[in-house]
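Think of it as A, B, C, D and E in the order they're written, each chain with its own count starting at 1.
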């Protein structure tokens, strides 16, 4: 039942916001999201670390179409649910210094977004998954459209149509699989797995691509990424955070839950192609990040590079790779959130995001610059920060998969250092200039947001084992299923 | 004899129909069309549908074409007011119609294989017979036709009436 | 009595604690408290290290190791890495050097950084560095070593860019970090290959299985690991960051860029000696790289005018020599030279710092001269350092360098020749530096000379201690030929036991050794004479832009290597990135995506003219469509 | 007895002439008349079939077609008059504001 | 059947009202009548009854379509109250609309070609007049004129088709024709197929499938907005119901003879109107194109030719009609406050009238097929049906065109939320607020609980 609570509570709160339009919508939303966080923590404590699906709820919904409201949580889902519930209050808190027009609408949309995101992570019915998948798109579209920056009309529309295009193709694939299920057809995940595995290699390849393109666009993986830098740049900061810190994980989660166990032969046949694409993406996006002049855009590209590594590691289909992807998802979520928040703080105070106009902030804002350094180090995967654990596991799985690919993917630690250090140097170091001379250091409220992030960066970096344990069994389950199946068809 | 009559009536009908299309003056078009309708009425008689032929003449020649003439007179259209279509368009129209004729006739194959279910007895077109069908089997359509005419009447009045400003 | 586990953990934890205390309290601590905390933390570590060292000494030879496991760090998918420490002879020696020299430099820094606004920050970084360095040498598995490895790189970055207002310093810091990262990638890949092939990251387990793994794999692993060493220990081709790293405060140069961090590569190779021994190809590579670096850096140092740059190139060169020793399989010799080098190079740097401090930041030796009488302690200690590095008996450098040369000769006289040349060049530029700084006319401006003063106690005492160490440090491994017991070799024997078992050991006859020593010492003395004549007696002072001939100019410009790298790596990278951004990203991929959308709009613009409003046209289309429909069905 | 296909062809011919007229002329009144001609072609074949099949329904259907034709003409001419009132033309292509 | 009579009666009553001075209460009376008729028709659910010598057949298909037509008409009357008030021909208009609804009911319940034909003609003739009911407006004139000329031209083809089919099968009765076809499948004369195709032309003209759609955008754009709403909802339901009944029930045995044509038309209907709509700046015209585009998705069901698809069609039409009504209601409200239908009118509507903008957004989202709204499930079921029959390429094409659809629907949303406007907000009456709210709720309910409708409507 707690799963259902997690899904309905934000929706309820959002509806209340829409209807009541309370004056202090911020606080209202924060409290709502904290309740949600509490619920998810309770869930995490009740969770038994094995490979079963827990807290499952299955209610008939659209029986004639074989669609059930079937949700449940395993280790993989739980981690992502936690990521969502932890980040959403922080995202809301990070907006406290801003006054958005029509704020109850804004926060309502954020809460609906949260519901949809959690829905994606807990859905155990193909159709339900798709439904939440699309529902996540709508609030974020409006958040970007209404409160975004310049040129948002065109950019957000491109984003919407691009991602919708991918997901519609995924829907076609899901329906195709649905008709392969026995009897009166069902969207139940296990039935879909069976159906997917029953397909011929050629059909699996088709389904693979149909699903992969949807996920690839969402993540985004090279070369399906071009909507992303524009959208991240133009979206309001909280929107960018939602997009990059949580929503992007939907794509990766989709790969783990809805692709690898679904069409194993397709994954085997095409895995290499995807890994190569992802690895190209790592280098490609890193290179582009090096020459970016807009900080927000730079972080956007860095995100592409990081996600490329996650996707590549995931597709090696090893326990190391998937576990690495899990931990890296969490790490990337908090890091990219912090990164965008810092960028937001800087651009709020200086009214610019151009690296050329910044500089010397370290002189006047030591706390901010220290936090920046820590986040930056996490982002370049320095050991004992959260970034390292994931990147190490991922690169390790890639090296095992193919040494050269692993080595090329490893370039990320060099290229990442290049663009991150450059960013830090240009924005923080040096002498202050006219724009940055009056820069104020972090306020209390900003510290409240950033300090937990810093703590999380180190906690995940130093003692990731408890987190890894949560998803360990579920991951092993997938890998074993996969390898058993792969063996059986050989 | 019947066949000769058929040929004659067909020739008249087609010839008059062609003249409807090609005559310059709308009034003469109307008159040619009335000739074509009479030819068609002749065909009805030929097929033992005398009642229908009579109704046909009354409705078409008597009512509809008079309405046409009336409107032409009302709008004072009996002159070559119509701007000519370019020759190219006319040519295209002719080609199109020709092609349409070819495919239509070409697709109408198989009529010769049809075997009449009953021998024509000449009773079908009698008023008695038709009336029976119309007021039993086709009662509802008949009533609906009244609705149709009512709607047309209301509509025609509504549109045709000039509004007091 | 506290457990040994706790004590072991205490060694790295104390500096961490110091770091946290200093860093988190921000500026609220006074300079005094800060220095007490920072120095105290390192001092405690040092004392514990000494205790651990004595524990090891008292243990029988085959049980000279202590371990402590704290917790599982990463554990997933049948792979685990724990936070666990290993204290064996090698790491305990490293501990002593790191904490010992580290402590001295901490103390020195109190005086050196006295009036700097970033005093607290500086000490927090220093403590953090010591923590990571200890992690590096104490980690009982590769991953923990990697943590330290990256961590010291980070601290190096932070300290090089310590004066962050100067963007040139920041450039140098970035350069150091990125070059290190290139090496780190090699190391990381090596570590990954190890865990793949050995199934474990624990040293003990890996070494136990070493002989069971395919030699080619071992070669690949060792080469990758060595790439890491190249980055960290500034070997060709990744050395250019080290001279630039002199942008940092001088104690940093002494601690990080001379005594400890840059020797991490040496430590790593020695730690993995069994793997290297199993891979002759890698050893050859190490020799070649080491020799090339030693000679190359030495030649550059000849023409440098910045006191710290000379020392930096000297460090590069000396590290090259150490690697030569490692490549020759003389692992203990490498460690020996590393230890002595730590003493005298730290000393030299601190002296240089003292000079710079006295001259208010002046680093150009062309603007020094005649400082002998103003800075007596510095002068004397510097002399000790110079003598030590030049290999004059009985100073520390003599024994260690002699051992390397002896091993080189034994392996191949050509190697010996080149190594000798490099060490003779060292003698030349060190004495050139020494004479230019302390002898001759006073070339500093009047204003500067007016304020000149000998360094305070806190700076002088470490100088003296280090000078003593430079003087006596060599005695820990006096060779048998000189009636010594080669104590250090004995002590380290368990570490390299596996390698020793695999290698045939040739020993040079004592006669040959004496002859070699004689040759080296006589050449050294000749060079000292030449240098004295040129710089002290004739007051020759190099003038910028006065290089006669291409070779000199090339040397002065460090072989244009920076320019070369800039031309073939940095600029192309930016060029490619720019092109990727402009040409591929915007003009190809994004354009393609937009074209899809654009074509719909374009198609719409065209298609709407189909709806041209004319009834005649509509009916035409209808009739034509009907014709087509009927045609289709007729044809079928 | 005239064979049924003769009527088919005759009807097709008249129908085509109607279509030709619609395509060929621009005068709305002539176009209306041509449409009437098409409907008559249908009537003709309907009666022919009715006769041929000996089934009165076909002829009854013709009544409905006539009713509809009458209704259409009434409404059509009303529309024409309305349009003429506003544009002073019966050219089918003149009123051409709604496009694209 | 009673519903048909009630509507007829209401039509005549409207005419009488002019004389009896009941004008004031006419709309209310009509709405009550519609509800009553809908209630009566729902009572017939589950039974199959034919009336008047098998002229009409009220089976579940007819009942559900009739009910939908009545419900749509009810909302239509609600939204377009001012189309009748303060007009000189109030009662005439009302009567014509009611006659049109009568025709529409005939079109979905016919069991005889005569009924189909008369139904179509009653509907069409009323609409020719209604399209031109704004007599002063040249646009309205043009719409009526175009509609009339092209409509009667298409009627000619439809009749020719009926005649040929009559000739080949000897009957006008749908059941008999279907029986005759299946028993004489091998001995049907060639002109029978010509008849089928000519009927296809006539019927696809009525549902406005490409290439017989040309009248639709112009007529929709030219007619008064309320009439456009009527055409794109009630008329579309009736036309598609008739089309589906004829082709999927009656001519199902000769599926192969016409399915290729329908496939080609499906492709064209998906592509051309959807793409053309992208460039439209007049929302009414854009909705007209979109309305044609939606026919493409419905045709996909006909192509798939599965049993039980009528439920899908009905659901789709319901979803589409509700969203369309919602959109047109808002368009009409804007027109009522003196604004036009150009895209610029919608600029900044969100700032002026947030609720209005949100409602229009929901309409657009539903039309675009965004989950979890009703429009999405409509499209989903269509795609699923087509996929089940293996028409993957067609489905992918349809996916592509619905993306294009998203583009033009979202243009409106972007204008409302993104652009700025200087206009002032529009006051809404309680009645219009209520209808907007009901329609929005219906869109959500249909989307969230489609099962209720699907299971009941899985007819045949």
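Assorted remarks:
Criterion: a residue touches a chain if its C-beta (ideal position, glycine included) is under 8 Å from a C-beta of that chain, and two chains touch if they have at least 3 such contacts.
What you are looking at is a predicted structure, and each value in this text was computed from that prediction instead of being measured.
Hopping across touching chains, the smallest step count from chain A to chain D is 2. Contact with both chain A and chain E is made by C.
The chain with its Cα centroid farthest from the Cα centroid of chain B is C. For the criterion of most C-beta pairs in contact, the winning chain pair is B-D.
Between chain A and chain B, the centres computed from C-alpha atoms are 71 Å apart. Chain C has its Cα centroid 37 Å from the Cα centroid of chain A. As a whole-number value, the distance joining the C-alpha centres of chain C and chain E reads 78 Å. Chain C and chain D have CA centres that are 98 Å apart.
Multi-chain contact residues of chain E (touching two or more other chains): 114, 118, 121, 125, 128-129, 132, 135-136, 144-146, 149, 153, 164, 167, 170, 191, 193-194, 197, 217-218, 407. Counting partner chains per residue, chain C shows two or more touched chains at residues 597, 608, 611, 613, 615-616, 619-620, 623, 626, 630, 633.
Multi-chain contact residues of chain A (touching two or more other chains): 161. Listed by label, the pairs of touching chains are A-C, A-E, B-C, B-D, B-E, C-D, C-E, D-E. Every residue of chain E that touches chain C in the complex is listed here, in rising order: 145-146, 149-150, 153-154, 157, 193-194, 197-198, 200-201, 205, 211-212, 214-215, 217-218, 257-258, 260-261, 272, 275-280, 404, 407. Listed in rising order, the residues of chain C touching chain A in the complex are 26, 71-79, 143, 146-147, 150-151, 154, 157, 161, 164-167, 170-171, 173-174, 177-178, 181-182, 184-185, 188-189, 192-193, 195-196, 573-574, 576-578, 580-581, 584-585, 589-590, 593-594, 597. Here chain B touches chain C in the complex through residues 85, 89, 92-93, 96-97, 99-100, 103-104, 106-107, going by the rule given at the top. Those residues of chain D that touch chain E in the shared complex are 4, 8, 11, 15, 18, 22, 28, 31-32, 35, 38-39, 41-42, 45-46, 48-49, 52-53, 55, 57-58, 60-61, 64-65, 68, 71-72, 75-76, 78-80, 82-83, 86-87, 92, 95-99. Partner chain D is touched in their complex by these residues of chain B: 2-3, 6, 10, 13-14, 17-18, 20-22, 26, 29-30, 33, 36-37, 40, 43-44, 46-49, 52, 55-56, 59-60, 63-64, 67-68, 71-72, 74-75, 77, 81-83, 85, 90, 92-94, 96-97, 100-101, 104-105, 108, 111-112, 114, 116-121, 124-125, 129-130, 132-134, 137-138, 141, 145, 148-149, 151-153, 155-160, 162.
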